[in-house]
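Chain nomenclature is as follows: A, B, C, D, E and F, assigned in order of appearance, with residue numbering initiated at 1 for each chain independently.
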Amino acid sequence: MSELTRMTWQETRAAGRSAIAVLPIGSQEQHAGHLPMGTDTMLAEAVTDAALARLGGDPEVVRLPALPFGHSPHHLFAAAVSLRASTLQAVLDDLLDSLAASGYRRVLIVNGHGGNDEIMRLAVKQYVLRADVALAACSYFSLGDGQSPGHAGMFETSLMLAAHPDLVRTPEPRPVVDPPPLFSDSPYPGLTVERHGEWARAGGTTDDAAAATAAHGAELLAGRSAALAEAIRAFDRSTRDSHASTEGAR
Amino acid sequence: MSELTRMTWQETRAAGRSAIAVLPIGSQEQHAGHLPMGTDTMLAEAVTDAALARLGGDPEVVRLPALPFGHSPHHLFAAAVSLRASTLQAVLDDLLDSLAASGYRRVLIVNGHGGNDEIMRLAVKQYVLRADVALAACSYFSLGDGQSPGHAGMFETSLMLAAHPDLVRTPEPRPVVDPPPLFSDSPYPGLTVERHGEWARAGGTTDDAAAATAAHGAELLAGRSAALAEAIRAFDRSTRDSHASTEGAR
Amino acid sequence: MSELTRMTWQETRAAGRSAIAVLPIGSQEQHAGHLPMGTDTMLAEAVTDAALARLGGDPEVVRLPALPFGHSPHHLFAAAVSLRASTLQAVLDDLLDSLAASGYRRVLIVNGHGGNDEIMRLAVKQYVLRADVALAACSYFSLGDGQSPGHAGMFETSLMLAAHPDLVRTPEPRPVVDPPPLFSDSPYPGLTVERHGEWARAGGTTDDAAAATAAHGAELLAGRSAALAEAIRAFDRSTRDSHASTEGAR
Amino acid sequence: MSELTRMTWQETRAAGRSAIAVLPIGSQEQHAGHLPMGTDTMLAEAVTDAALARLGGDPEVVRLPALPFGHSPHHLFAAAVSLRASTLQAVLDDLLDSLAASGYRRVLIVNGHGGNDEIMRLAVKQYVLRADVALAACSYFSLGDGQSPGHAGMFETSLMLAAHPDLVRTPEPRPVVDPPPLFSDSPYPGLTVERHGEWARAGGTTDDAAAATAAHGAELLAGRSAALAEAIRAFDRSTRDSHASTEGAR
Amino acid sequence: MSELTRMTWQETRAAGRSAIAVLPIGSQEQHAGHLPMGTDTMLAEAVTDAALARLGGDPEVVRLPALPFGHSPHHLFAAAVSLRASTLQAVLDDLLDSLAASGYRRVLIVNGHGGNDEIMRLAVKQYVLRADVALAACSYFSLGDGQSPGHAGMFETSLMLAAHPDLVRTPEPRPVVDPPPLFSDSPYPGLTVERHGEWARAGGTTDDAAAATAAHGAELLAGRSAALAEAIRAFDRSTRDSHASTEGAR
Amino acid sequence: MSELTRMTWQETRAAGRSAIAVLPIGSQEQHAGHLPMGTDTMLAEAVTDAALARLGGDPEVVRLPALPFGHSPHHLFAAAVSLRASTLQAVLDDLLDSLAASGYRRVLIVNGHGGNDEIMRLAVKQYVLRADVALAACSYFSLGDGQSPGHAGMFETSLMLAAHPDLVRTPEPRPVVDPPPLFSDSPYPGLTVERHGEWARAGGTTDDAAAATAAHGAELLAGRSAALAEAIRAFDRSTRDSHASTEGAR
């Protein structure tokens, strides 16, 4: 792994011919009373770095500094530091555009925050229309099985106990919320339902964190980073000759 | 079902207190050589209207005229009439804002075109932050099982044979595309991969339409409209007392 | 007449070399207690389709699906479903841009709603600077004599009695409004005067609909569609060799 | 007449309670080889100041400095200094918003350039929705009879001979343009037709200026300023009690 | 000096090959009870015109009409007529773009209002990236020594007594403001500190105007215009062969 | 010092009542062949953290994660990863807005990259108009003496030798550039001059780095962090009772 922030511009440009640029993105937002504001950013970075370590330089990757802020308007009731949707779209578009201008043909965004998900996927769909590049995007938590494992509950607390145990406080028991919040229990599969004020009503979490353990977190971290490493290999295989294969389609 | 376009403004306003407003959205874009440009709009309307017929007025629904244009920049190589992403976002935001201003507390968008999916889900997530409403969004084709059944292939051709047989020509055999296009075969589950020029390279379809039949289309139409009817009932149940339940959370 | 929504993309593209694309636009807004929300859209479509029937395919026309929503912020007090001015500008710009990208050199917008008028004319003036096309725009109600025949009064009620009699209720007598609303009686010719809250103060109509009849509506419909057919012929004649004649000016 | 640029802020604020604010707008664009770039701005100012002199302070008017730049993209082929449509919209919106914030309830825009016309009328329509004000807009050349008297031809040359004779050169004979440009001869009344490159093809004028005289210009100037003075009186009469009359409509 | 507003388009275009275009910008905003709203615009024009007179045509300059409105949101509490930051950015960008399109390779903006300063400098930095031009910007009051000589106090009052004595009223004594306003006394050099409501709290001036005299104003005017003339000569010298010198860098 | 990314949301909110939020911002851009892309971000962070260490918690500070990307369009010729000006404005506006919404009344931005300077100062000027807050902004390198010590030359190389010696390569001798680049030698004090292509022509640096030493870097780091600590104390003193003092001005 090479870190863009530590490379000279000549190294940055040279790597663009073959390497995949990888950009972690996260958020600064409430994660109940026991996890820190930067949880999503830290976990996106932890999973990315573990995946890149697994890959051991094959394929070649240039790791960008993480974008520490994300789109968290639904957590503004609880001290989030948030970018508007249009701002995050612009940031991602600018970063993709800069990388393409420097010769990068392949970029992957690794996301750690649910609220960024559509914006990130939309950003790569939009940008790929403008330049001859191959772009990928994933949320580390839904890679492989498509599950959405919850906010500030069992999943993230376990991961943080493994990755940053010093930053985890003892979770409070989750209050009973009746009816259950719409975001954690969609009334019909495939149907997105959103209700004003739902996160505040639900106390800001999706499930109870009491049973979270560092051991489970270590398993999750291994599983998530293995999945991301596999996804990067798959992206590499399917786009290695990206330039050549699209040439004929013009 | 009541159609907003045929109602007076007094009826429109009165219905907003209890009814769910339903907005179909589609596209005008290539669907190979055998399906018409308006396929996505027609199918979103056909499924919506069949679902509303099933519901028989319970729950109460106000059906808006379909937005016939969608976000199809990836089909501009083949005569699409497309809205930019920012334009479609603005249209959906304006329509949601108008309905909320008229007293509607519940709105559902029913989409017929894959390219609109993220934009539509983002639009409802954004708008719900601004007003005390409950909003829902789905793509009729992925309701229930989350499958993405393809573009201008077996699925849509069968549905069109059932819904608009006079508009379906005999499909050409699908050309072999090697490697297979990235959009129809993601290299890793949960990973979005986009490559410049991929739709043009693949000839504009995801799978062969040769085996499509009207009978299969009728089954699909029944299944899709039943799923949508169920989804509307579920949305209704979970938000019927929407106003009351969020009151305490403020 | 060919309808774009029913054509394949190959037919759509082929027609662009010679045909005029025609886009009706309307609104969903209050039309007093006796006309439906979609009145403007329905009348723009009725006049357009009658005009195209008169033309009988000469000149060749491709009819787009109507945009059912328009710019009606002045009717938001009465349940309008409205697009902001910037949104409608973006929609028209995107549609013109798509058509030009597909090879259409001539496009006509036929409008049914006063609130869209400046935006539509501005849209064609703007777009023509960007591409080598000839664009036209008109409001069906002011073609020929430039009159502005009123909102939800004698003119529109008669037309609806002819075109959609099942959707017309018995009009209420128009309340006396003193002083008369500024929009129906400009204090000086050529001077646009706008006052906050004027439509609400005036009860939403410009004149009394009591004397409207289906027979008068049929005459109006014949007259309006004849004028539109003439306008299309005139647009065709003056731009048939559009491409050639501008070539020298570059 | 009071000029805002020469008033203190206390005088500016005090006048807002009763005075009409008047804003001339123009352009910097080609006016053939015999008229200067600032023709439209100078004539908007000349007509405005003559009208205000006629009024003699009744009604009370505060005259803003003219906006010397307008929307002239169709004249960029000939050294225009132009604002984009969105920029001019923003400028007018900001000026109206500032005046309303300072207590002005009545504002009139007097325009000297055809390309600003729709944008200006749209600006007042938009702004009046946001604040309890009465706004008016006119192009000095079409007040009264609605005529559009042409660009850099007989009309403007005569006016400039009367208002700024030192800035008028001898006009060249107008070249024959065949077919005649679409902007000076719409193929059907009420139909806006725009063709790419038309102003360049036509040499930048609408009619021959050879017969222009200072005497005719003096008549035109008297007529235009009398019409504007009448329009201002009419605006004043119809909105003098603006505040009161809208109060009940809320 | 040539004034663009008085030149024909052919003269405007021809001058662009060698001349420097100069654009004064100002504001309409409160200047206490003794100076007029247009003070900043008048002084930018006075200094510019005196500097151009000193230069006597060497180097060749085309003077644009002043933009009379600026960015004064901090003075909206006192009847300012202000453009938003984004609007002023758009205006400057459009004017620079028009001039570059007409062949001007060198443009200088001369500013008279502190609130425009960053926006103006940002505008030239942005635009120079898009076209092969050399752009300059300065605030007349800080040329040479970088001082910021205050608002509506000794400096501006003296200048106005010299340039427009008929528009200067007797200044009121400045009220004691405790603590002193942050804008006139930054708590640390190089640190920008802004506090909500500070201009209103401070009564709208930075220092007392009592000692201002016309004689001192005449000295200031001579000094400022000499500095601007020097700056224009320096800009000319360093960019005279602008085109040639950048050629190799492409 | 407290780091927001490690705090819970309850701690984040509680601190807002009295603490100053501090946001470092930097860039990813070329710094010649011997310094890394992230130089500006690393130095902004190094100086900020050294200053906060000096302060020892008095005044109370909450340190946000650094924004690692900045506005570097002039370095896109050399592999910069850059945000457009409008994007950076939006990011800063969103972050300030989030902090204000969470109760922070005082925010300081510490910048490490010249290209961000105007945008950052404009952002705080804009935002302070919208909310009752006190905002500060500085570039660490110009605090105190206002000097602009250059790019990738003696100043930054020395600092990096002190802060991140492992990331500094041996500098190449700086090529002779004739005439000298306009950015490092303004032709007149107070005059901003920008020329297209100047950074590329000058090879990307402002001065030679050969004489840079770690010892000098340590002195610079001590001096810069002492100045920033002083600036923070001064900001604190002048705004400690910010809320109270503005109360009367409303």
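What we mean here is this: a contact is a pair of C-beta atoms (placed from the backbone, for glycine too) under 8 Å apart; a residue touches a chain by one contact, two chains touch by 3 or more.
This one's a predicted model, so the numbers in the text were calculated from it and none came from an experiment.
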item: Chains touching both chain B and chain E; value: none
item: Rotation angle superposing chain C onto its copy chain E by C-alpha atoms, nearest 5 degrees; value: 120
item: Distance between chain centroids, defined by C-alpha means - chain A, chain F (Å); value: 27
item: Chain centre separation (chain B, chain F; CA means) in Å; value: 47
item: For chain D, residues contacting two or more additional chains; value: none
item: Chain order, ring traversed from chain A with chain F following; value: A, F, E, D, C, B
item: List of chain E residues in touch with chain D within their complex; value: 4-10, 12-13, 16, 28-38, 41-42, 64-69, 75-76, 78-84, 86-87, 90-91, 94-95, 98-99, 101-103, 167, 169, 204
item: Touch list for chain B against partner chain A, complex; value: 73-74, 85, 115, 118-119, 121-122, 124-126, 128-129, 131-139, 142-146, 179, 182, 187-198, 200-201, 227, 230-231, 234-235, 237-239, 242, 245-246, 248-250
